[in-house]
Amino acid sequence: MLLDETAAGVYVIAVTPFRDDGALDLSSLDSMVDFYLEKGADGLTILGMMGEAPKLTGAESVAVARQVLRRVDGRVPVVVGVSAPGFASMVELAQAVMDLGAAGVMVAPPSTLRTDDQIVQYYRTAGDMLGATPFVLQDFPLSTQVQISPAVLDRIIAAVPTCVMIKHEDWPGLAKIEALRQTSAKGGRRVSILTGNGGLFLPEELQRGADGAMTGFAYPEMMVGISTRHAAGDSEGAQDLFDAYLPLARYEQQPGLGLAVRKYILAKRGAIASASLRRPGPKLGAADIREIERLIARQTRRLDSLR
Amino acid sequence: MLLDETAAGVYVIAVTPFRDDGALDLSSLDSMVDFYLEKGADGLTILGMMGEAPKLTGAESVAVARQVLRRVDGRVPVVVGVSAPGFASMVELAQAVMDLGAAGVMVAPPSTLRTDDQIVQYYRTAGDMLGATPFVLQDFPLSTQVQISPAVLDRIIAAVPTCVMIKHEDWPGLAKIEALRQTSAKGGRRVSILTGNGGLFLPEELQRGADGAMTGFAYPEMMVGISTRHAAGDSEGAQDLFDAYLPLARYEQQPGLGLAVRKYILAKRGAIASASLRRPGPKLGAADIREIERLIARQTRRLDSLR
Amino acid sequence: MLLDETAAGVYVIAVTPFRDDGALDLSSLDSMVDFYLEKGADGLTILGMMGEAPKLTGAESVAVARQVLRRVDGRVPVVVGVSAPGFASMVELAQAVMDLGAAGVMVAPPSTLRTDDQIVQYYRTAGDMLGATPFVLQDFPLSTQVQISPAVLDRIIAAVPTCVMIKHEDWPGLAKIEALRQTSAKGGRRVSILTGNGGLFLPEELQRGADGAMTGFAYPEMMVGISTRHAAGDSEGAQDLFDAYLPLARYEQQPGLGLAVRKYILAKRGAIASASLRRPGPKLGAADIREIERLIARQTRRLDSLR
Amino acid sequence: MLLDETAAGVYVIAVTPFRDDGALDLSSLDSMVDFYLEKGADGLTILGMMGEAPKLTGAESVAVARQVLRRVDGRVPVVVGVSAPGFASMVELAQAVMDLGAAGVMVAPPSTLRTDDQIVQYYRTAGDMLGATPFVLQDFPLSTQVQISPAVLDRIIAAVPTCVMIKHEDWPGLAKIEALRQTSAKGGRRVSILTGNGGLFLPEELQRGADGAMTGFAYPEMMVGISTRHAAGDSEGAQDLFDAYLPLARYEQQPGLGLAVRKYILAKRGAIASASLRRPGPKLGAADIREIERLIARQTRRLDSLR
């Protein structure tokens, strides 16, 4: 089951659970997988930026992928982040996880890329090095510092057939989705576009032509519910659901601190055993936790009122 | 009426109205002032980043300040953005607007600053050059690329007595407000903290110790309402109001495009005659406008339901 | 006398002389002009980055241009840096200096530009706003953070006829000169290329197709001598001269501190009255001055041995 | 033999030899080690930025270290670059190479660090994670984008006893060496300072208090000769030697392209079999090679004239 251009729905960006002492918590990977699938995930993405991937050794990365793939057991496709400072490490990890049954890999651009040609050349080389492995291009300028114009994405899509999906996380980026869809309407290859940014623009993104979400908000049922209602033509219902989750989604989307918020909620919901981030990582303070709890309580009431 | 450390409430970041041909629209400055004051603004901030200040000539900047100050006529304090690549231009504009009756000026750090000492030295020099003029330190790393730690803010507050306010726009930044308040609780000078980021964290910011907001969301009554309810101890009411405005506030907060959204709404509400930005600036597309109108309609219904 | 694509030779990047108290030293502008012309300058460039332009007010910038243009009195073309955060200020200064007799203006890209299209659009707009005024595109990534590929320069040259010169200051950049010359060899418009980087690659740059230098090393006779010998086919002689000046040229090319070195030497040589930079700017220490004096002494001996 | 604060002399930054097909060339590691030691290296530094370290897999990195350490066989200390996006990978590689006999490791700051406290905290954590392993702090802002003030270096040196050396590669940075030496003159721990930047400021750096060089210019005998003469009090002789090598050293110091120049010369001198860089990497053009050969020929003549 390889990832291709038809991928759609909600791919949850998975966290990587650690124990309080910083060791990998492999058993929480199982409960986390169960949690995400119960909430309706159509796919999983592991070892992304929000998966603390850079804090793992190569062997740990493979161990995480192995555990997740074993637990998923083919029920949904699993995408694995393989971004690395150099191609040798990227290819090594990609081969390992594809051998274990991953559906594809995800590649963010290194922050040193600047000109259009540098970006295109980077993905040409990546495609070349990765061989037949399908990959997701992660377009996340706020984090990577690399701005990729729609025209450059078009060039990459035209030149690199194994680029089957854009993880769209530009901000603002609604016009970018439209531009990409105009290209495919004119005969360009139509790739999958799943959107990130914590789901904060999901209703609009779907209306502009995105195929779903690839993001890690601790309530995956939000993304699933919005996608389902959108697909059913119920855009007001989708937006009502969105509005109910928005105050907390906004809070979780804070750079840096957001992952600690996400893990706090996931631990509270029983998906993982510990909310700990591996060092170095932020810790929530008392005020943070108070605010999260308050937002959760309000969210629960609001969701109840929608039923 | 000079700005000082007791400043509080809602200082609206004003736009700069242009005609469709790009010329300054001085008469819209009058209607805009009236609009902001009717909605309850406690102060105005003009010629900030969202005021397209870098697109104005020196003479135009002074003209805008003169017109606004004349219309405000002392009813509320007016802060004027004077950030410039060099101190000579900064001081020249500052002197001009203080002579015209401004309450103070606002200074963002140049993007070349990196080390703590460079940042402290910059504001020492700014304070020295600005003489008796009170100033607001604009702390907005997403735009300036300059990260200022709480300890550095403490050093500046201790060293530069004319720094009377922090325009807090770090993200995430809730812990920063707390840290600054801890310093003043221990005897450090307590400056005013007004928060930015389009109001997207205003309830939490007030709870952490902010004195109000300095931001430009096209519904200033949101910030006013939240501040008022917060001051009255009605934090749930404040949050209800916040939630009602949040979907649109989120939409307006998109970098780059956001100002076009804001001006569209302000023009629709009659505050300014034209939604145009001066070149170069983004233009809204049909899909953008559809989304804004839909969000406004939903917001109106939601606010009605709160009454 | 307007700047055009045939410009060649040595355009000296002029400093802006200040008195010890930071005031403009207009009379030193006269002696500086005399000095540069005596040393063989084919043109002057004022109000560039090394001219501390951002530290001047608008009125001061015009005063500097007026004084220099009056002293030059048409003997050589004068280019004026007009880079500004916005187009209104840029156009205002450009009109003022062209009215005073400048040959053209120079425009560096703002550091916020990232994608190819953003860069091209910026210069299209600049060309449009500047009207008939010929301009130099300053390509200096180390300072501007904007990387402009040869293909993008080709697009700008094709689209904006008033772009008549590239101030080439990319590093490494020899292949870029070659690429631009290949385009013009194939029929593209051939613009002037003058090179910067303190002259540290001048022999190679000339061999690759540059038309001369636009840089501010405090010994303009180096650039003049190298260009003259190169034009006469004496590339070994050019390189001998280069080698003799290189140790000091290298020292003067230090970022930040370099301008203080340059002004120290210019003051020592009698070109300007004071070596002061306007605040904020670096000051030389005792060790710096010792090293400069030693390098000057060695350079003098070496030049003597070449005669 | 562990690295400590007394380290001095010339530590050559070694390249990593590849075959033309991109495979590691382990046998060239032997000839390269022999070459560097013959030229007088007092130590070697492998797997640095100029060693194309990010292009290697973890296993390849260990293989390179093993081969070099075996060939060196204890004759000189070997420092190994272990910079990595996260601490787990860093520690894994550090342990492996220390077990193989390395003298210490080198750690550059990740480009995301901004504030003073972030930098200090990073090195505190690194020191903690690396345990007893002595390490070199690589201070190279042009590449890392991280500016570390002398005061921050002082804080790290005071807080992290296993930080025994600064690889000084700030530019300009002469005053930084002086500042660090002033701190140790006042009782602070005196660490070793070896300088980089291709040796382009070595005479001045030694005079300011550096203990030697850690850089990779393809003529290590330049750094050795300068250091030796400096130590013997022959500063004019040191500078004469410097001047003779400077034109080529300058050429090799071009960012990006420079490593291709270096490998070309090393291959020409017989130190390595192929000048190839692993993909992605620049390739020299015909004009580049012509210029290098010309500079080598001139350098040879100049050196002959010094004898």
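Here are some notes:
So that you can tell them apart, the chains are marked A, B, C and D in the order they are listed, and the count of residues begins at 1 in each.
Assume a contact is a pair of C-beta atoms (placed from the backbone, for glycine too) under 8 Å apart; a residue touches a chain by one contact, two chains touch by 3 or more.
In this text the structure is predicted, and so the values were computed from the model without any measurement.
The interface with the greater count of contacting C-beta pairs, when B-C is set against A-C, is B-C. At the far end from subunit C, in terms of centres built from Cα atoms, lies A.
Averaging Cα coordinates per chain places subunit C and subunit D 33 Å apart.
Here the CA centre of subunit B is 39 Å from the CA centre of subunit C.
Subunit A and subunit C, compared by their mean Cα positions, are separated by 47 Å. Along subunit A, no residue makes contact with two or more other chains. Per the touch definition, subunit D reaches subunit C in the complex via residues 171-172, 174-175, 178, 200-201, 204, 207-208, 239, 242-243, 246-247, 250-251, 254-258, 285, 287-288, 291, 294, 298, 302. By the touch criterion stated above, subunit B contacts subunit D in their complex at residues 114-118, 147-149, 151-152.
Across the complex, subunit D meets subunit A through its residues 52, 54-58, 60, 84-89, 92, 111, 121-122, 125, 278-280.
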